[in-house]
Amino acid sequence: MSFLGKYISNVFGAIRSLWKGMKLTGYYFTHHKEIITQQYPDNKDTLLLPERFRGEVVMPHDENNEHACTGCTACELACPNGTIKIITKFDIAPDGRKKKAIDTFVYHLELCTMCNLCIEACPTDAIKMAQTFEHSVFDRNELTKKLNKPGSRIREGIE
Amino acid sequence: MLSFENISNAIHNWLYHSFSPTTALWLEFVLVAVCVISLFSFLGLVLILMERKVSAWMQVRLGPNRVGPKGMFQTVADTLKLIVKESMTPDGADKLLFNLAPFIVMIIAMMLMAPFMFARGFQIWDINIGVLFFTAVSSISVIGILMAGWASNNKYSLLGAMRSGAQIVSYELSAGLSILCIIVLTGSLRISDIIASQENGWWIFKGHIPVIIAFVTFIIAVTAETNRAPFDMAEAESELTAGFHTEYSGMKFALFFLAEYINIFIVCALGATLFLGGWMPLHVGHWQGFNHIMDYIPSSIWFFGKTFFLVFVIMWFRWTFPRLRIDQLLNLEWKYLLPISMVNLLLVTLMAILGWHF
Amino acid sequence: MTASQIIFYILAVFILSTAVLSVTTRKIFRSAIWLLFSLIGIAGLYFFLQVEFIAAVQIIVYAGGIVVLLIFSIFLTQQSGKEMAKAPIVRTIASLLTVVFGFALTWLLIWQHGFQKINKDFDWSVSAIGTRMMGTGKGGFALPFEAMSMLLLAAMIGCIVIAIKTPSPSTKKDKPNTTT
Amino acid sequence: MYRKTEIIKEPTVNDSGDMIINIGPQHPATHGVLHLVITLNGETIKKVEPHLGYIHRSIEKMCESLSYRQFIYVTSRMDYLSSHINNHGCALCVEKGMQIEVPARAQVIRVLMDELTRIASHTLWWGAMAMDVGALTPFFLAFREREMINDIMEETCGARLTMNYMVPGGIMVDLHPTFQRKVKEFIVHFKSKIDEYDDLVTDNIIFKNRTVNVGVISKEDAISYGLTGPPARASGVSCDIRKIYPYEVYRTLQFEEIIETAGDSFARYLVRMKEMRQSLSIIEQLIDNIPEGDFQAKTKAVLKLPKGEFYSRVETARGEFGVYIVSEGGTTPYRIKFRSPGFSTLSALDHMARGSKIGDLVAIMGTLDFVIPDIDR
Amino acid sequence: MERTGGGGMIPLSHLLFVSTALFFIGMYGLFTRRNMITMLMSIELLLNSVNINFVVFNKYLYPEKLDGIFFTIFIIAIAAAEAAVAIAIIINLYRSHQSIDVNDAEDMKY
């Protein structure tokens, strides 16, 4: 009889364990208003990314079209992938001295791994991470960006 | 009262009045075929949408919600997509059998529709071996799967087909035994007789515990027979990618997909007919008022409501349980379900002889 | 022609043509599938003759059982995609002649005998079959039924004994941990 | 790539009746581009032969051309589910070489993040493993919890998966002000949800049948195959680096090393489930006791390791992760070698799967928790 | 919807033509095939033609009896048993001889 008893208790134990799982999914079925997925393109306006989110390197410009980049190439050296290329030129300062300044800040988004090392390396906080994350384009060339705006110049007082 | 019974009788009489018997018979064939095919496509669309919604709600998601109001036309869009897709035939496949297999599976699913009573007096073919017809014809569908698996010239497909064969052949036994329980109680194989015998109460209520055990066995066995999770060994996504229909694409894949859902509907309709009284409304003892209110609900709604409830239960299984392994699947059948349903059949027979049921 | 005649001739052509295909095709798997179609056609013929019980039994046992068994054995025993060897031409012609001759002879006999149809209601039902099957009196089939059960049991045991695989020591060795 | 004839002519394989199947490189069960050539007799597995190289990126060679600050981020790409812990191991090795003293605050934050990563990795494993054995709902439930951790990570570190939060000498930026509140919310949430996990999968009879006594590996075999982490601990090997070679603040923490003795798939499952609870208790101990102070030690702008060989190890979610650096005194490592846990675990797959069914193979792979880029660096 | 027709109008000889033709098709298969499984298939065809005969004779000639139906049922049952045993033998033969051709299985003679 012990065999039969074990057999029956096996069957009932199995049914109980299965019912436990079904109760859980049944609970979620009847409480289907709480969802975990994000309705992405619909909630684009309300979607808030944390301010530290690393989407893309940008160079903030102020209202006078001035930035803080001195062209020291610290970011270029810090970058593990060769994402940043800084082309420098020589400005003539008002006092007549030649002064090194950036001509173009080339940023290859397609090479960037968002590791934040360039931001860490920058001594003047000229570049920062933006919260954009939709980087897809139709032409690969569009991923090579110039971060300094045309005609921009370095802010006064930053060495 | 406008009911399915009156409509079908009116059409039948009109046809036989207006045409010669031969023409009328052919016209009825065509009419029934059109009805079955349209019911098929409608059921397919509804069931697939239902599966997606059920799965989504169980998985704390929203499910389809883009095409049409609340995503109701999602399956229509998917069908359109599948129709315009290219139907590929792999190199080295047996082209004839490869192309034939989905149609075999589909035609068998259609044939199974014949003996069901969808509403009071509304039936395509009131065959006198109704339930036996069901078990007989459904056993052919395994051949379609074996054909598909073998003709694809793919090892995954072959493995899936072999698994499916072993599974369906063995689970037919316990499904058949649990159907036999009800046949023993009613003493008839005819679907209309079985439904009529439940006028004063459904078998699941009248038949004490043995019938409930038979019902549970039946649900488990037909879940296995339709290759649904947790018994989806033939497809076993994480093991055999897609099992026997790995190589199918486009409309032929859609036929397999549709046939799977139609088969679920059919086995659930059979379960509803045998255990839950078919189109019979729910009657409780001597509560006359309650019984009258129940009678006002149309019989077709009762039938489809019960069927869809069972369909929901089978979907509930799918989205809760892990998959069994092939040897455990056969163990479950031969060591648990078959002995239990055999003993159960004895109990039911005893009950029927002694007249212990209500 | 009435509808039922048309249906009958369609069924007959279907049965015979698939049977011919089954014995002439050189792909063994296709042969099994054609056989299946032929058997289903015969089941259809039983449906047509309104002996539905036999039709259902035919489908269950032949289509659901024997053909599946055949297909499994095909999978197990050979590369099922391979074509079978062609029979020698002499044997083909000889058997064709024998068969045609035999058929002609039999058909001639049947034709000459000219059976007379008896117009009575042929009434069978599952319950009638059941009572006769279990009946022990006159016209009862209880003894053949029991003999049949013994036969099936013997066949089952025989199958197991024949097909059981004696585990050779080499197959045991490379399975270190299979306790399931 | 393999030559077909070479495999068929293997002397142990009988010519008749065996079926050779490729599982992968594209297959739902391998979770990546792993290629397994399995020899089947019916459904029974006779041999499993892993083929690697589909996602080889030569990370070790790449690191040799990167400076000691730069190479850390690359290691996130190996075991991407415990990227933080990988970075931790690299940072520890560089700090060992430079003899930098990491501030107490940074140590605690590192360990907190490690344990959060471990929970995130284990929840993902739980969902994926349940999907391997055929249950689809757990996957989404697991992602619900994992998403909370990812949000916490995103807020503090700036990325969800490849955080790159470690720098030699500490951490990159200080904690986000909401960090503590969110982690406490997560602890409360997770404690109730992990019981649901048990209801849905652990107690399920089908799941138990699928995993108990499947893929058994004995203690001796586990040691000789070099298993570490949960697979080894499920066989009774005590190998938790956090206990036997404690680093950072682990030596002051109260936690247990989970050891099971059965060595089967279910034991591996249980070890991971219990580890999640242990990680939760570690987080609970630390979350209110983050010391004030610097989060980064003062280091030179250019790091140069002294000439010599340095080795450090950490316990990732998958086992022991070792970093071995040979320095010639320059700004880049002369040679670098990572000891990744997945590689040695994969080598034991053949031993575990022989004689079981295809379904078992998938379940075993699920409980071994492979991350293919970790196996194939 | 009621079914009309039902074989009443078909002459018996037409049905017998089908069964006879089926029998000799099966004979042809049995003569030409040398593969055991296909031979088994031919035997199934023979048995089926016999079944048709039994059912048809019962229905047309002796409608008051059920003996033809019973013989058919018994033949189907025997066919199932026969196929199972035959296939077991064939598979066993394949294991030892690596072939299921009847010409290769003549060891018993010696």
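Per-chain residue numbering starts at 1, and chain names A, B, C, D and E are given in the order in which the chains are listed.
Here is the rule we use: contacts are C-beta pairs under 8 Å (C-beta built on N, C-alpha and C of every residue); 3 or more make two chains touch, one makes a residue touch a chain.
Worth saying up front: this structure is predicted, and the values here are computed from it rather than measured.
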item	value
Per Cα centroids, the chain farthest from chain E	A
Central subunit by CA centre of mass proxy	B
Taking each chain's C-alpha mean as its centre, the one farthest from chain B	A
A-D or C-E - the one linked by more C-beta pairs in contact	C-E
Cα-centroid distance, chain A relative to chain E, in whole angstrom	74
Centre-to-centre distance between chain C and chain A (centres being mean Cα positions), rounded to whole Å	69
Whole-Å separation of chain centres (CA-atom averages), chain A against chain B	51
Distance between chain centroids, defined by C-alpha means - chain D, chain E (Å)	63
Junction residues of chain D, two or more chains touched	137, 140, 144, 200-201, 204, 206, 357, 360
Sites on chain C at which at least two other chains make contact	2-3, 53, 57, 65, 72, 180
Chain A residues counted as touching two or more neighbouring chains	18, 21, 24-25, 28, 36
List of chain B residues in touch with chain D within their complex	55, 58-61, 155-156, 159, 163, 229-230, 232, 236-241, 319-328
Of all residues in chain B, those that touch chain A in their complex	54, 56-62, 316-317, 319-321, 336, 340
Chain C partner contacts - residues on chain B that touch it in the complex	21-22, 25-26, 92, 94, 96-97, 100, 127-129, 132-133, 135-137, 139-140, 142-143, 146-147, 150-151, 153, 158, 162, 165, 169, 172, 187, 189, 325, 327-328
In the complex with chain D, residue positions of chain A that touch it	13-14, 17-18, 20-21, 23-25, 28, 36, 49-50, 52-54, 78, 80, 113-117, 120, 129
Chain C to chain B touching residues, read off their complex	2-3, 27, 29-30, 33, 36, 40, 52-53, 55-57, 59-60, 63-65, 67-68, 71-72, 75, 80-81, 125-127, 180
